[in-house]
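Data first, discussion second: the structure below is written as structure tokens.
Labels run A, B, C and D following the written order; every chain starts at residue 1.
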Amino acid sequence: MSGAIRKNFASDNTSPVCPEVMAALARANEGDAMSYGNDPLTKALSARLSDVFEAPVAAYPVATGTAANSLTLSALTPPFGAVLCDESAHIATDEGGAPEFFTHGAKLLTLSSADGRMDPDAVSRALTDNAHGGIHTSPIRALSLTQATEWGTVYPLDHLRALTQTAHDADVPVHLDGARLSNAIVHLGCSPADVTWRAGVDVMTLGGTKNGAMAAEAIVFFHNGRARAHEADFLRRIKRSGHLWSKQRYVAAQMLALYEGDLWRHNATAANETASLLATGLAKRSGVLLPFETQSNEVFAVLPETRVEALEAAGYVFYRWPTPPGVDGILIRLVTCFATTKNDVAALLDAV
Amino acid sequence: MSGAIRKNFASDNTSPVCPEVMAALARANEGDAMSYGNDPLTKALSARLSDVFEAPVAAYPVATGTAANSLTLSALTPPFGAVLCDESAHIATDEGGAPEFFTHGAKLLTLSSADGRMDPDAVSRALTDNAHGGIHTSPIRALSLTQATEWGTVYPLDHLRALTQTAHDADVPVHLDGARLSNAIVHLGCSPADVTWRAGVDVMTLGGTKNGAMAAEAIVFFHNGRARAHEADFLRRIKRSGHLWSKQRYVAAQMLALYEGDLWRHNATAANETASLLATGLAKRSGVLLPFETQSNEVFAVLPETRVEALEAAGYVFYRWPTPPGVDGILIRLVTCFATTKNDVAALLDAV
Amino acid sequence: MSGAIRKNFASDNTSPVCPEVMAALARANEGDAMSYGNDPLTKALSARLSDVFEAPVAAYPVATGTAANSLTLSALTPPFGAVLCDESAHIATDEGGAPEFFTHGAKLLTLSSADGRMDPDAVSRALTDNAHGGIHTSPIRALSLTQATEWGTVYPLDHLRALTQTAHDADVPVHLDGARLSNAIVHLGCSPADVTWRAGVDVMTLGGTKNGAMAAEAIVFFHNGRARAHEADFLRRIKRSGHLWSKQRYVAAQMLALYEGDLWRHNATAANETASLLATGLAKRSGVLLPFETQSNEVFAVLPETRVEALEAAGYVFYRWPTPPGVDGILIRLVTCFATTKNDVAALLDAV
Amino acid sequence: MSGAIRKNFASDNTSPVCPEVMAALARANEGDAMSYGNDPLTKALSARLSDVFEAPVAAYPVATGTAANSLTLSALTPPFGAVLCDESAHIATDEGGAPEFFTHGAKLLTLSSADGRMDPDAVSRALTDNAHGGIHTSPIRALSLTQATEWGTVYPLDHLRALTQTAHDADVPVHLDGARLSNAIVHLGCSPADVTWRAGVDVMTLGGTKNGAMAAEAIVFFHNGRARAHEADFLRRIKRSGHLWSKQRYVAAQMLALYEGDLWRHNATAANETASLLATGLAKRSGVLLPFETQSNEVFAVLPETRVEALEAAGYVFYRWPTPPGVDGILIRLVTCFATTKNDVAALLDAV
């Protein structure tokens, strides 16, 4: 990595694994350990995250965010239920139908929003309408929020609390897709507890892969919330979906590497800073429009098609996004990660 | 590992990752790579395995054997179909219902056998009876064999061919659970091609984890067999079950490490040899009965309960198996792996 | 029924069974007949409907429209696929998640429309976007249309053809939810063939229950369309969902009663006529707004809340519908059926 | 029916509907009624069956036994669980995989038995072994018994109580497949309460179709048992599977016709008596072997193949069953029903 200019801004999962995680995997590779989670590292994870989140939690490490989200939803909703989420939610648009697979066909009911952040009033109306639907509708059994959102925005704490309160008033538990939760925490400058259970989150997917791990997320049940009742037999769900590694210590080791100290914060801070630099730089370019505020490590920008093509010709890698109707130009997404440097950003800004 | 005597014979998945696989992961950790399998390592795997198996194959690496088996079965049978297998098959007894999950409720129909190896005549009768059952039964749409079997035995090639021929005569494709295929190949002294497609196997799970990998198996479709028709959209199945890593290069790298050269054979040979030593040594002990021939890396033995307890007291780790009716003593399973040494075996034999 | 004024306009399934269907059930009740569809009446149904639709069809009678729609979709789409439909579609809003149950979790992707009739351009865009989504999305494998729609409107033939052509261009088969197809045919004045396979419909649910039957619909595969490839093992799907009656003759008898002669047309004509009378009468009332043209047997009307309450107080039974934002008053639905008389309508109009 | 000799002994579902049920359907066909179970007849059913069974129950009528059994099991077991039953159970052999469909892939674990009646010791062992299996097995969450069994035998009350006690000791609820429960009650000469909740049954399928109905069974939850906790949202399960008729009154009317008075007992008595006559007569024939005691309305007999062929040639209709190994001759099943007469039996005995 050293030296070369990073030209891949396609995603925070195109980067390599951060060195500290590789070192943790090497350390985990000593001696025998019982399989299927009966190893010391897996057992240590819940305790460690209970410290980080200042509350008793049960943590289940798995290899992918898709599995983590879907396994969690399968515990919250029966097959005949529904999950309410934003139309931009990863579970709705990017997981190939995994939530429907794991939940055995529960419905994802989506609401539209301006920037990926759900509106408490809209959520309230949806819950009320749903309750009136009776036997003909699929009853909403979970609210799923994404923090940071898929548009790179972050819910402020009071916004989050308004949403979770609305859900709880309808006796609906709240799931947080925290694939980029560390980026949101860094942006908010709050504690991990503030943005989760103190704000009404009952269970979450805590991301590792996008923050420097190889293949690791943790499903975290907050035992002081409404999640506990849904946790029964959760390990059976993991096993039955093929997500319980026999050598489970190696997935736990990755999460521990991130959360034993401040690596998670260090990596997220780095990614947020270069994203911020990039957004600021782009905003100064004429002809460039930033449709969303950059609050984490994703920058969305509308550029004239010629400039997009020029960037691609210069070897830059990123995704073109469906451009909203009425917008002139091409919407692209640029994602930074722990390994992105200020030089990488400067070079990209030069190239624009 | 060096120096200390290994006392854990619980499974070939309690061992660490072999050094060559760790080195391959480190090598894979250079620079950016496109995600979800669009990386050079994942792309190289099919070509490499086509060489190893002397036939065109498509290989899909995933992290666990449970996922590999179940994903494959979900492509072979519709939800209303059935899979025929031995009653000892891992898919039937040890995967927590994963085949039923991935296939959306297809039935596993099991036949009993003496040593985990299915009887061609029994398979033939089962297929005939099933075909006569009409609309009220679940039609058999796959035969799933295990090589080496769960009892540590290995199908000779002609036995395998008799089974696959019976299935093919009924237009039923054959899946091989090859979690320990490398051990079987070493035992048979044949080529990888001989024991798979040349013997009528249409698609298989090729094990890595039990043979030294961290978390890696490959689903291998032989394109000269009956598998090809079932491969459509297979990647969607992987994605939808959360088994497509975003950083997929790291699962492919493990399989490549095993199969680029002869590491797979080297590791399996080591495990088979220590298992053989162990079996030979145990057979000489009075009061010890070996119910099955040791043909791979699993040794089953019946010992008086006092001796089993003595071994446990001495710090040895292994599983007690359900002892068959009429057998006097305790049936235990002892599993060796690539890292087991002759000294480890000698120490265990001394302890018996 | 005779004499009393019908005050129940809640639905066309609150009415009794029409006398001809009851007579047919009595006729079917003679002697023994083989079970599970191996009876003469079930066997006669496909031939009869082939005549009615002027094309070779295979017809599978089942007791409910929810089952008929969902069974059909389960044959068209794999579990990882998606079905495109209008947001008002019965399958999306009123079947308690049945399509997701039968398809094992396929997604319903919905488009909004003005009056329940899908827009070919919107369908075309959705198909194009979906194809570009790649591995992360659920691929659209069926287009499901409703004729007459849930808002009581009817697709003209050219509109229908534009939609089916768009779907076929993307190699997507077309399902028609024809719970009220007979009402649509009567409105259009066309032949059953014109509005189905000649307009590009590949497979449909042909309604019986709302048109005078007790519990009977037929799933009809047009063998000259794209449906045939999806029909394999269809009876197994019916059996596996508990929808194959052992005394199957009694569900077939109902559909035969409707379609042996012109009873289906007679009943639908009666229902359409009283609905038309009702709509015309309501439109003349001041303060009453009809948001949709009444083209079948459903009348939607916006009335001041006091008048709605007065009707309810007078013993009238009907459903209040969610009133769209910005509309002043209460949206109600009034449904007529084969048994509704002109006197019933006159009395209702008097009561308004 | 009158006059002609009945030659169809294929099943108790090849017979017509008994006249009293037809009359009840005609009576139900008066006036409008709210749909989806909000009608007086459906509402009356739970009260009526609470009287019949001398205990508070909730009854849900559906059209088929396959649906009734599978819906019930889907409430008792999560998708990752298992159901223990006899290898001859209808749910295991004759429902085309319906239990797996409705339960989303729960396993059916089967035990063998001599005559369809499960052995309490074998059940006890299976429950113990299953509990020890841990995360790798599918935990047994229901015991499903069949009364009368598929072999025409009937559990005595103490046998039944021994089984339910074993299940309850393991905290496992008991389901009874009572497709032919009325035949068993008549044989035992006990009350409906004695053979169900007083014997430890928690929830059952109460058969109607085989006892003279058109298409009607009832799922009955005993509220004084362990069933109640599993009943939440049960109507949603019925709706989601397409088994909630819009004109639900017509399925309820059938069950009421059987259970308002003693019709259920009258019909079952008639069927049992002709079966008994038939069995007694067959037993006197040389060369005829009756492998099971005839305790309900099914007679199994082994005859020389020539005599079986002669019966078929004479127009008799029945099923050949798989003949057990070592038995000389052909095993056939002969089923009587409410409409079978002594003359029918005499004619058949003459023909043998």
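Basically, a contact is a pair of C-beta atoms (placed from the backbone, for glycine too) under 8 Å apart; a residue touches a chain by one contact, two chains touch by 3 or more.
A quick map from chain label to UniProt name: A, B, C, D = L-threonine aldolase.
No experiment lies behind these values; they were computed from the predicted model shown.
Judged by shared residue numbers over all numbers used at their interface, chain C (L-threonine aldolase) and chain D (L-threonine aldolase) contact each other through mostly the same positions, with over half in common. After Cα superposition, the angle needed to carry chain A (L-threonine aldolase) onto chain B (L-threonine aldolase) is 180 degrees, rounded to a multiple of 5.
Centre to centre, using the average C-alpha position, chain C (L-threonine aldolase) and chain D (L-threonine aldolase) are separated by 34 Å.
Here the spacing of chain B (L-threonine aldolase) and chain C (L-threonine aldolase), counted between their Cα centres, is 50 Å.
Touching of two or more other chains is recorded for residues 79-80, 95-97, 101, 104, 135-136, 236, 239-240, 244 of chain C (L-threonine aldolase). If the chains shown are joined wherever they touch, the resulting network links each chain directly to all the rest. Residue ranges of chain A (L-threonine aldolase) in contact with chain B (L-threonine aldolase), taken from their complex: 1, 4, 6, 8, 10-11, 13-17, 22, 25-26, 29-35, 62-68, 70-71, 95-98, 101-102, 209-210, 214-215, 236, 239-247, 250-251, 317. Within the complex formed with chain A (L-threonine aldolase), the residues of chain C (L-threonine aldolase) that make contact are 79-82, 93-97, 100-101, 103-108, 129, 135-138, 322. Considering their complex, residues 36, 78-80, 104, 135-136, 139, 233, 235-237, 239-240, 244 of chain C (L-threonine aldolase) touch chain B (L-threonine aldolase).
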